[in-house]
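The data blocks that follow each hold one structure.
Okay, so chain A shows up in both of these, paired with chain B first and chain C after.
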Partner chain A sequence: MSAAVDTPFFYFPVARLLRIALTRFIVRRIFFALVLLAAVSLFTYLLFALLPTDPAALTCGKNCKPELIAANRVRLGYDKPIYEQYWQFVRGIFAGRTYGSGDIAFKCPAPSLGYSFNQHECVSTLIGKTFPVTAYLSLGSFVLWMLLGVGTGIIAALHRGKWQDRLTSLVTSIGVSLPTFYVGLLVLFSVVIWLQWLPFPHYASPTDNLHDFLTAMILPWITLAVLSAASYTRLTRNGVLEAMNEDFVRFGVAKGLKNRTVMRKYVLRAALIPIVTIAGLDFAALLGGAIVTESVFSLPGMGRLAIRSVTDSDLPVLVGTTLVAAVFIVMANAIVDIIYGVLDPRVRLK
Partner chain B sequence: MESTPLLSVNNLSVEFSTPDGIVHAVNDVSFSIEAGKTLGIVGESGSGKSVTASSILKLNSGVTASTSGSILFKGDNILGADDKKIRQLRGSEIAMIFQDPLSALNPYYTVGHQIIEAYKVHHRGVKKPEARKVALEMLRRVGIPNPEARIDEFPHQFSGGMRQRIVIATALINSPKLLIADEPTTALDVTVQAQILDLMKDIQKENGMAIILITHDLGVVAETCDDVAVMYGGRIVEKTSVNELFTTPTHPYSFGLLGAVRSLDKSARGSLRTIAGAPPSLLHLPSGCSFMPRCVFANDGHSKCSSIVPELELVPSTHSLSACHLRKDALLKLTTKDLL
Partner chain C sequence: MNTSAVAVGEPEVHGLIESKSPSRLAWERFRRDRAAVIATFVVLFFVCIALLAPLVCKVLGINPLTLDRKALNDYGLPNGPFGAISRKHLLGVEPGTGRDILARLIYGARISLLVGFVSTFLTTVIGVVLGIVAGYRRGKVDAVISRFTDLTLAFPSLLLIIALTRPFTQRLESMGVPEGNPARLTYIVLVLSLFGWVYVARIVRGQTLSLREREFVEAARASGAGHWHMVFKELLPNIWAPVIVIISLSLPGYVAVESTLSFLGVGLLPPDASWGVMLGDSVKYYRADPTYLFVPGIALILLVMAFNVMGDGMRDALDPKSDRQQLG
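Presenting the complex of A and B:
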């Protein structure tokens, strides 16, 4: 009997069951993410609609005639009750939206997040223009800080109590306590103005002018990476030290495995899983706009768009950028959970 | 019957340097074990039994531990061996299992993966399907029902007793000559404890391996061991056969331990006899006998007890080795019954 069940055929159901469990987990996770997003969009829209500012009055200057304000109110749909406004807004995301009619009609194609009467452009267009800058900034600094943070964390843990550990703990305690705007300005001042190693940053898209792109990006990348890496160094160091005390790590050593194998399959696997969670959320938060870094290094990203919309009371842009940032956070949450489920079998099957 | 021991530990001392000072975890410990035998190492928490066991595989943290003495396995000194040599011993000649089966398995890999991994480290060039067959056979041997289906499951899908069986399967996959079991049943239910101990004894009968069993449970010792070493304050205070430990203990600490065991023929009412006081701090061991402050016999003015560390010596009319200044004149007059 045992010979018959020894055939590989018998293993398949088990593997398939595992896969089904994983798929169900992913589907469930994505469903919850969508529900959450709907709630976030409603909440954000209501919050801004309830602000005491009259958006129609802001569409033209101080000497605006009441008739023009009234016309703009109708044109932009602010005369309707709030639930209808929200409905229009949601419909616009999927179907696009046309403001006004006849000659002065203006169409924002799907996904429309509204129309900025301040910058006379669809919000989606504005976000589309600024998002790549933020994405390049986030991606570059994310890769740098993960390499730096996790790398130094592992080194510190492996040399616990020695000078390598003390040095990283000193540097990271400075790193976590410095604010971005201060370090950003310091770096900008010393490298660009004082040492003159780099020209003053002038952003260009990488496809247009790679040289300008890199010279504009290198300092913000490093600033953001070094500051964020500090907390990752600590997380990694503590995670690795904690994992090295695990019984299963000692058992791995007692099996006769090489140090490198134990480190990779036993220690790092356990230590890095919690870091994946935090890294995913931090990255998503960056994608929503690195407001301070973009402002210091004058990068035309989403963070600066959001800041400008606040100072200009440009409500549609404010709603749009907030919503996009929220989408990133919710999506990152879902993705992190799914990755967590893949990495840790105990989560998956619950 | 005299034969060369499989493993002999000679004058082993292990110290850890900590911010508070030097911890003398193990002090001048010697014992040996022959193939097919089971040696129990008994003692309270902090008596140095686990550190002694870890030293045999050089598992103590290399940064803070300093070890002296020698550990001879088949005549070769383990303490002098380099990393590569040690790795070849670990898991293949000497295997070790730990107290808590719930945390001894890597939660991120299937149990099959972990057993196969343990096999392939010491059988380079063996193909995976072949290793899988060996692993399945081993799982069946340790009593995992339906191993073909369960080999691809993760550790958290097994109960505590099943996990300890898997740990044993992993440890024994390379047929080691010596198994060091550090409190293998402490975390398990009593019924499961008995099953696991039976399993270990069965496998020992089949392949003739030696077992060093570390425990604080005298019931486990009585059931499984041939010889016992009682540890206190990082030293062995009594070394004897199991029968003699339970009939004629020769060290005041052993008396105390036996008095603290609840047995079925004693009245269930009344409190258990305990040993007053607490084990000594391994940071500041007393200058004489480390058990002196708690010893009920030493309190009437034996100056030797507080100044000289007693050596292990053969007790006349028994086969026990005991480290006590008093035993010749006082202890042998007593029997276990007097204390219970």
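Presenting the complex of A and C:
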């Protein structure tokens, strides 16, 4: 930001104007994100509520008495009109919700996303249990893939046309073409079953059993990181090459700055901003449930919770996980936009 | 696109400095890219095999539906090393049924490529139309389309696609789509397009917005050109380059997504098979018959990679900047 203040055009009134515009921009962006979330929640709820399946009939097994289904229908509020159901759902998110009454009441404190009869738990509890697994998975692979992707991208750009560049372009074009589930399975089979270098992964939380946690996480981390890094290598390489052609970089060189300084202060800064934004979005999408990776490596994360809820026709869990995933996507989008607005005044003045 | 300039300078120079249209320049750049040319041939090879599947299988003397019990042992596993590869079954047989894997692969290419091509076609048409409309009309129309884009992007698409499979294929069947695999394929293609057009529309909208401000568009507007002329003669010809690149890079994406969906259980029902279905099946036999795990996988990787390399080649060829970068 200091560079912008240094330029002669940014005398006092303009700077103040920009600052006001920035606050307004941020407020507007957050408001927009909230509206979008409301729309997503309404749409998700309606979509699943209007399906031909009877949510009350799904609450107990095949040999269920019709009386019990009817009782559950009332208990879960499925007997009410749809707009009232949605209203109850939204209220539950902020105020918590109790299903049924008397002896058989299930209380889900705020934020309540519903009650799963399949697993006899509040949806929020289920998500709370599975989310850390997904978070560890996403965070670990994110750090690895950024280091790997950006690092090799810079190396390829600095050695453009030489063997380092060709090798990375070959490896990345293989990397972006591989479906995650297939690579994951091959890695799992070869390391665990054919070579027997690692025991079969049994997930444990890192505070309980660090050894089990690491042996269960290392393969999914590496798989996800290597596959995602491929496209980041390309982005970084092209971004760095493009930035090297910019006038301000030539200016830096002409001014007599050291190559290293030009690279670090001018080229990388310009090249990495768009990459960081894309990375933010990718990271958020992962946090919403890495369905494929979690299924392949049988990690008890949110993605697997969601997939299981599909096979078990567990509607409340399905709605809950979809919504939580959407929250991550929308939030990441808003944060990325705001950061962009702070870094680049042109965005917020539009 | 024919903007070839009349030769500048004296007539003698005309023979030396050839004027070339941008598309011709792009084609020449593409032809010089050896990897892209090889990839294009690989793609053409796969497409031909898929189109001529019955003929190819007849020539090779194989059939995807014939159950060859003799090729299996008492446990129902391929009788012989490497998944019972033999003269009769060049890539071995499927465990459990004894169906020829090569024949299934050839017919599977049809389904995988069909899903890829149709989804790409639909996303491109929807995306280009909505993107141009949003960028050209701006104002309220743009706001509506853009909000719709944001809403679509906010959903975790893979999860929704899987969750809605059963009810929506049932709905399609009740609407008259033949039961079973046709309904499932229709669903997959429709839902992939529903979530996919957004990316195309975003890029096309951005391109249109910046094209609007260019002098030649301004000139056309000033000389009183109508909407149709503006869209078809001024905007579209200049949007084709990025669109072609999106097409060639999103097609392999759809082929891969279809295989992922099959793996997660939203695939076709036997005896039909796409490559994704074969991959999903082969996982069950990873210990007894590892060959089966590799055959459809390698085929899928080859196809997806060929498309990607071809797409990269097209991007480099269509982007005049790529030449400048080579010069430094």
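Definition applied: the second predicted complex is superposed on the first by the 321 of 350 C-alpha atoms of A that agree within 3 Å, B and C clash if a C-alpha of one lies under 4 Å from a C-alpha of the other, contacts with A are read in each partner's own complex, and residues count from 1 in each chain.
The working rule: a residue touches a chain if its C-beta (ideal position, glycine included) is under 8 Å from a C-beta of that chain, and two chains touch if they have at least 3 such contacts.
Not measured: the values here are computed from a predicted model.
Of the two partner chains, chain C is the only one that A:A326 touches; chain B does not reach it.
Shared-chain residue A:E67: touches no atom of chain B or chain C.
Residue contacts after overlaying the shared chain place A:A270 against chain B, while chain C stays out of touching range. By the touch criterion defined above, A:D247 lies against chain B but remains apart from chain C after alignment on the C-alpha atoms of chain A.
In the superposition on chain A, A:L178 makes contact with chain C only, not with chain B.
Of the two partners chain B and chain C, it is C that touches the larger number of chain A residues. In the superposition on chain A, A:D208 makes contact with neither chain B nor chain C.
When both complexes are aligned on chain A by C-alpha atoms, chain A residues 161 touch chain B in the first and chain C in the second. Within the complex formed with chain A, the residues of chain B that make contact are 57, 59, 63, 83, 87-92, 95-100, 103-109, 117-118, 121-122, 133, 136, 140, 148-149, 152-154, 156-157, 167, 170-171.
Of all residues in chain C, those touching chain A in their complex are 150-151, 153-156, 158-160, 162-164, 167, 170, 252, 256, 259-260, 263-265, 279, 283, 286-287, 290, 293, 297, 300-301, 304-305, 308-309, 312, 324-326. Listing the residues of chain A that touch chain B in their complex gives 2, 5-6, 10-11, 14-15, 18, 160-161, 246-248, 250-259, 265-266, 269-270, 343-346, 349. The residues of chain A lying in touch with chain C in their complex are 36-37, 39-40, 43-44, 47-48, 51-53, 161, 173-174, 176-182, 185-186, 189, 193, 241-242, 245, 285, 288-289, 291-292, 295, 303, 306-307, 310-311, 318, 321-322, 325-326, 329-330, 333.
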